[in-house]
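See structure below.
Think of it as A, B and C in the order they're written, each chain with its own count starting at 1.
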Amino acid sequence: MLTIFCRHTSASLLIQENAAPAARRDLERYFERIAPESSGYEHDDEGPDDMPAHLRAALTQTQLSIPVADGRLALGTWQRIYLFEHRDSTPEREIVLHLVGE
Amino acid sequence: MLTIFCRHTSASLLIQENAAPAARRDLERYFERIAPESSGYEHDDEGPDDMPAHLRAALTQTQLSIPVADGRLALGTWQRIYLFEHRDSTPEREIVLHLVGE
Amino acid sequence: MLTIFCRHTSASLLIQENAAPAARRDLERYFERIAPESSGYEHDDEGPDDMPAHLRAALTQTQLSIPVADGRLALGTWQRIYLFEHRDSTPEREIVLHLVGE
């Protein structure tokens, strides 16, 4: 089994549709809408995209574990793993991969 | 430990209340409200329930790992594992179960 | 790897910012806003904070697995693990810890 762990609170992991770029754009727009940039947050040390980034990370995944079968991730046909960047800038990100064999 | 993995991006996994059917109905209505069917999505290849299904999957879980103790899942008294279907139709779904013994 | 499992459907787990208390307050206010107490839920056996607690749990995590390296959790510099209590009262909570060594 492969465990993927995102070492950040303003980026996250997501398994989503791998084929349609339009689905990715809708997804990004959706999270911009339900956790919007706003002047209404108390925490804005790093700018208006700071707190919405934490909220979008809280609503998605910091960790994913995916079974491995016959040497391949047992993802479905339409699944792909994404790093979901929530900041406007694109800071360097660290992902920990942890593979347990059997 | 048992890992449950849902091989789809329009259905997901959820651990929720096992006793009250009303709680399940409220939960379904809630996700219909925060990720509604709408004509406003760019991605609608498979109809109006296509994109909201991806959004509801993104907001819940594709994978769950549950410790096993004394041969039983260590679920709480009120917990049950659900496959959360987000499409209007009910396509066949594949779930991968991965059990690691100790 | 350490797996943390919350045996409840009205509390959940979250990896979030460890430094700024303002970020935690914004996060709590956000979940109060997107899954509010309301008289509109069918399920209210235990009061108005009953169903929103289940919704907030559904939107966050019941389980987290964190790789261990050199005897320490491989958390990022700004990450901390939180138990996110969704009820107004503070009932006793049970968390299962499952450590797999290599």
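By definition in this document, a residue touches a chain if its C-beta (ideal position, glycine included) is under 8 Å from a C-beta of that chain, and two chains touch if they have at least 3 such contacts.
These numbers were taken from a predicted model, which means no experiment stands behind them.
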Working from the CA atoms, figure out how many degrees chain A turns to land on chain B, in steps of 5.
120
Interface sides of chain A and chain C: same vs different residues, half threshold:
different
State, to the nearest whole Å, the distance from the C-alpha centre of chain A to the C-alpha centre of chain C.
18
Which residues belonging to chain A are in contact with no fewer than two other chains?
34, 59, 61, 65, 100
Which chain B residues qualify as touching chain A in the complex?
3, 5-9, 34-35, 41-43, 45, 51, 54-55, 57-59, 61-63, 65, 94, 96, 98, 100
Residues of chain A touching chain B in their complex?
1, 14-17, 20, 22-23, 25-27, 30, 34, 59-61, 64-67, 69, 74-79, 100, 102
